[in-house]
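Below are two complexes that have chain A in common, paired first with chain B and then with chain C.
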Partner chain A sequence: MSGFSPNWLVVPVALPLFTGALLLFIGRWGFRRWLWLQRTLGTVALTLNLAVALAVAVETIGQGRRYVLQVGLWDAPFGISVVADGLTAIMLVMGGVVALAVFPYAMATLDYHRERMGFYPLYLVLVMGVNGAFLAGDLFNLYVFFEVLLMASFVLLTVGGQPAQTNSGIHYVVLNLLASIIFLAAAGVAYGTLGTLNMAQMAQRLDMADPSVRTLLAGLLLVGFGSKAALVPFHFWLPTSYHTPPPAVTALFGGLLTKVGIYTLFRSYTLLFPELLVAWQPLLLTLAGVTMVAGALGALAQPTIRRVLSFHIISHVGFMFVGLAVAVDIYRLAPGFGLAAALLYLVHHMIVKTGLIMAGGAVELEMGSGRLASIGGLAARRPLLATLFFLSAISLAGIPPFSGFIGKLSLLQAILDAGHWWVVAAGLVASLLTLINIMRLWQQSFWGRYRRPGRSRVRPLEEPWRRTRVLAPLAGTVLLSLALGLGGERAFGWMQVAAQQTLDREGYIRAVAPHPTIPPLDKLPQKE
Partner chain B sequence: MSAIPSLPASWVLALTVGVLFACGTYLILRRGQIKLLLGLGLLSHGVNLLLFGSGRLARGRPPLFLDKESFQQALSTGALEQMADPLPQALILTAIVISFGITAFVIMLVHRRLTITKMDVVYGELVPLLRENDPFAPEENLASRAQPPYDWLAYEVDPLYDREDLPPALAEEMGHTQEDTFESMEEEAP
Partner chain C sequence: MPELYLRMLDRVLTPVLLVLSIFLLLRGHNLPGGGFIAGLMTAAAFELQILSRGEASVRRDVGRYLNRALGLGLLIAVGSGVVGLSRGAFMAGVWVELSLGPLGELKLGTPVLFDIGVYLVVVSVATSYLLTLNRLAEEASRRNAPQ
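And then the complex of A and B:
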């Protein structure tokens, strides 16, 4: 047994938080706000964060174990439970990868005025909120971490205060705030009916509680988390806001934020309402199918690069959600196949979408405009960027040597195995539309005659230090995607371990071990 | 209290929560930004009251014990079941602090938007491009105002896509200037 103790689970929350606070102090004084120091410290913190996340992943997925930290040794429902299992570990690692990849890109593409307004501290606080949401074992702590990451994202979205940013900021803030209020109402209902907010204990008590309680809670959580994840009827905040901030912020948001919603949906539905995954399956499948097709269709109508890419996020959220909808079906292939396929798709999506938004943002900065009708011909001038964009794009569309193929294949296999052929049809249509969209992006921005309609304040591919910081993370994401595609079998094995751990409710409850002697607040509404 | 003796306190609480939610929902559906702010405030008050009610309403019962003796006494007489629940108050305090911070942020956001756009109305995606008040306008751009300043963050009006979102007066005001700028900067004639 290695020297891993559950105490390490604090690091992904504490390290970005304290580094962010330190950067705030540093950024207050010093010549040009000591930006070089902020950048260095931020990179170090994010690297350490990724290292700890990898250690957690090795311990949980490699050993098939769960780690629970009861902070201050208070028993489960009273103290703060920090829980890490395979699902958490995958999310932590991927969050760490995305955060570390976008950080140098942000250094290269942001202008001084935005960097000076506390960009780097906010970046780290956002990472802290995301990590905390992955680790929370308690509904209210989950809410608090959600608010932390939302606050940081509000400011990152509007830093600079440009007209478009403030306008889209209002849409983003209000719709996300509504989702948070619904989530908080769910927490209130849970405490009022079940007398606990600890998720393991909620799972225990939901088995005894009245079915109406379960329906109400599941509905509220579906709306709340579904809005965070940008499922289709609740997705309107995403395409109005993601194209307005600097490209680095879009890349970070596109890689991280909606995935937190997906994670919480996976966690809450598999742990709290596994019966509803069967009973509500038609609803969930419909939501997923509509999300897939609507996102891809919406992207077809968009005029600029980042608008197209943000609609693709919605489409792919549908792909991940369909894995949850078929999570508890019986498979001939392997138990938990559907969820494992969804996790693989999630990993693929986080890598590739971040890379693609970074590449698209670089094109926008290079051309001074993201409008597809007025740009063109970049391939001859920036061949490396063009290559990397192309490789990310075909990975997103699902062309074989890359991870998109293996993700889509396993997911479609799972859905077909469960017998929902029409969802497969929707998925294939969405994939085709994605391919069309991606080729449209490629053709309009890289082929044709060279047209550069505008001037941007920062041209990231002009100066060598900016060029490395833009192209290196891009190349990293492409290589990761290729590695995931080539080593798909092994990666799928890890995902299966994580999926089986996620579906094992009893194991989760046993690991958290909520204190049994405390009676419910007053008499629970009993099942007849 | 004596005026409505038949109505239990929990009903009053539930009705209040419902009314707050209804008013908040109505207000955030309005166009005005100040109404939006008020609506968000009412909604968060509503959900705070809902949390308050989740611990059951109790009068004259202690939420905590100051010494071990009274705790033992309560434990032996079975009064522990009757004690008031302190947890919802902690939850509400947290929620209040969070909603306070977010409300402060939204007020500043609305203020900033008001100073830029001079309108108190939330319209689709459109914001007019007024650059006079931009504190982020860099000096080098000021020096070289000869070429049209392009900021990749600034809003682009797409004639095909955004025309419906424009309020009529602004559509005329902004006209085709953006479009013309783009075409004049193309390196070859179409």
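And then the complex of A and C:
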């Protein structure tokens, strides 16, 4: 046994919070002079966060174990349970990668005014909220961490106070609060009917509960988490808000936020309602198929770089969601194949999407505008950016040897195996549309006559120190995507371990071990 | 200009509110109270100050401490959890008993520290809300006053 103790699981939550609090002290006077310290401390914290996440991944996926920390030594369900298994570990690692990749990019692309408004502390608080949501073992703490990340993201979205930012920020916060209310209602229903919010205990008791309770809870959670994940009928908040903040914020959101929704859908449906994955399969598949196609179609009509990329996020959420819909279909593939494929796609998406938004943002800053009709010809002046943008783009579209190919291939294999050919068709149409879109992006920004319609406050590719901080993370994401594509088989093996662990409800319940002294459901005092 | 009675009330009530908030903070471990309520109570005392003395003067006195108090509160709260590692788990309660001679025993523990952290966070966040809201309100009333 290595020196890994469950106490390490608090690091991804406590460390960003602690560092964020520390940053509040730095540079109250002479901010410009102390800026480097804020940046350095932030980088160190995010690096440590990623290191701990990797250690968790080695322990959970490598050893096939689960780790549970009962915070403050209070047993479940009385205390707060922090649970890490393969799924959590993958999310933590990917969240850590995205956060660490965007951080230097943010240093290089933000203007001084926004940095001064507390950007870095908020960045760390957002990372804390995301990590906390991945680790939460009960519904209420999940809700709390959702709110933490909502508040942090709201401020990051509006920091700088441009009218367009405030406008989109209001849409964002209202629609997300609506989703939170639905989620909170679900938590209320769970507590009222099951008498617990600990997810392991909920899973135990749902087996005994009335089927209507299960239907209601599953429906509420689908709408609540589906809105966070930007599934199609609930996606409105995303395209209205993602294109207004500074590019670094869009890259961070695009890499992290919707994925929290996807994670919670994976966790809640596999743990709480595995039967509904079969019973509701037509509904889930329809949602997924519509999301894939609608996102890609919506992107066709968008006039600016980041608007196109935000619609692609929606389309890809559909791809990940389809993996959940076929998670328990076992025909001839290995158990958990569908979920593993979705996880691989999720990993690919988090890497590539972050890189692509960073690249698109760099183009936007360079040109002073993201309007595709009025920019062009950047390839000759910024060849490295053009190359990296192109490589990310073809990875997103799913061309080998990049990770998009293996991600899509395994997903489509899982769906075909379950016999849902029309979803495969929808997926292929969406992929084709993505390819068209992404080539349109590249062609408009990099080919043709050089046209630079505006000026932005920061031109990140002018000064050398900014250039490395923009291009190095970008190159990192491209290399990661390439590595994932080449080592796809091994990566898929890890995903399969994680997926099988996620689908093993009994193991999860045993690991959390909710206290048995609470009377089971039929012994609870009944109301007259 | 604030009313005379408000200024009189402020003289009497602000110390009472502040003492009461400390009382609630320390009482909170076993009885109703705690960092959150005590923090709101302190913020209420500041709001009384804002109403009677105006936003600008309160901002001058406490405004610059708010950001640091927020950070300090978070540091204390997380730090109190780290102390719990000595008992084997994050946030586990660690207690120290001090004997104060004739005054009896004093039990101090990390939950109290955590509460103090919460108190600082709530005070600073609530007070900065109140300061901003009152500034907007005062600006609005100043704009409307000359007509």
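Observations on the model:
Here is the rule we go by: the second predicted complex is superposed on the first by the 513 of 528 C-alpha atoms of A that agree within 3 Å, B and C clash if a C-alpha of one lies under 4 Å from a C-alpha of the other, contacts with A are read in each partner's own complex, and residues count from 1 in each chain.
Everything below uses one rule, namely that a residue touches a chain if its C-beta (ideal position, glycine included) is under 8 Å from a C-beta of that chain, and two chains touch if they have at least 3 such contacts.
Keep in mind it's a predicted model, so treat the numbers as computed, not measured.
Because the two structures share chain A, they can be overlaid on it, and in that overlay chain B and chain C fit beside each other without clashing. Shared-chain residue A:448: touches no atom of chain B or chain C. In the superposed model, A:364 lies in contact with chain B only, and not with chain C. When both complexes are overlaid on chain A, the residue A:303 reaches chain B alone and has no touch with chain C. Of the two partner chains placed by the overlay, neither chain B nor chain C lies in contact with A:282.
Which of chain B and chain C touches more residues of chain A is settled by the count: it is B. Of the two partner chains, neither chain B nor chain C is touched by A:383.
In the superposition on chain A, A:71 makes contact with chain C only, not with chain B. Once chain A of one complex is fitted onto chain A of the other, the partner contacts of A:147 are limited to chain B, with no touch recorded for chain C.
Superposing the two structures on chain A brings chain B to within 7 Å of chain C, judged by their nearest Cα atoms.
On the chain C side of its complex with chain A, the touching residues are 64, 67-68, 70-75, 78-79, 81-82, 84-85, 87-93. Interface residues of chain B, counted against chain A in their complex, comprise 28, 33, 36, 40, 43-44, 46-47, 50-51, 53-56, 81, 85, 87-88, 91, 94-95, 98, 101-102, 105-106, 109-110, 112-113, 116-117, 122, 125-130, 134-136, 138, 141, 147, 149-156, 158, 160-161, 182, 185-188. For chain A in complex with chain B, the touching residues are 111, 113-114, 140, 144, 147, 150-151, 154-155, 158, 160-171, 173-174, 177-178, 181, 184-185, 187-189, 191-192, 240, 244-246, 301-304, 364-365, 368-371, 374, 449-457, 519, 521-522. Interface of chain A with chain C (complex): residues 6-7, 10, 14, 17-18, 20-25, 28, 69-73.
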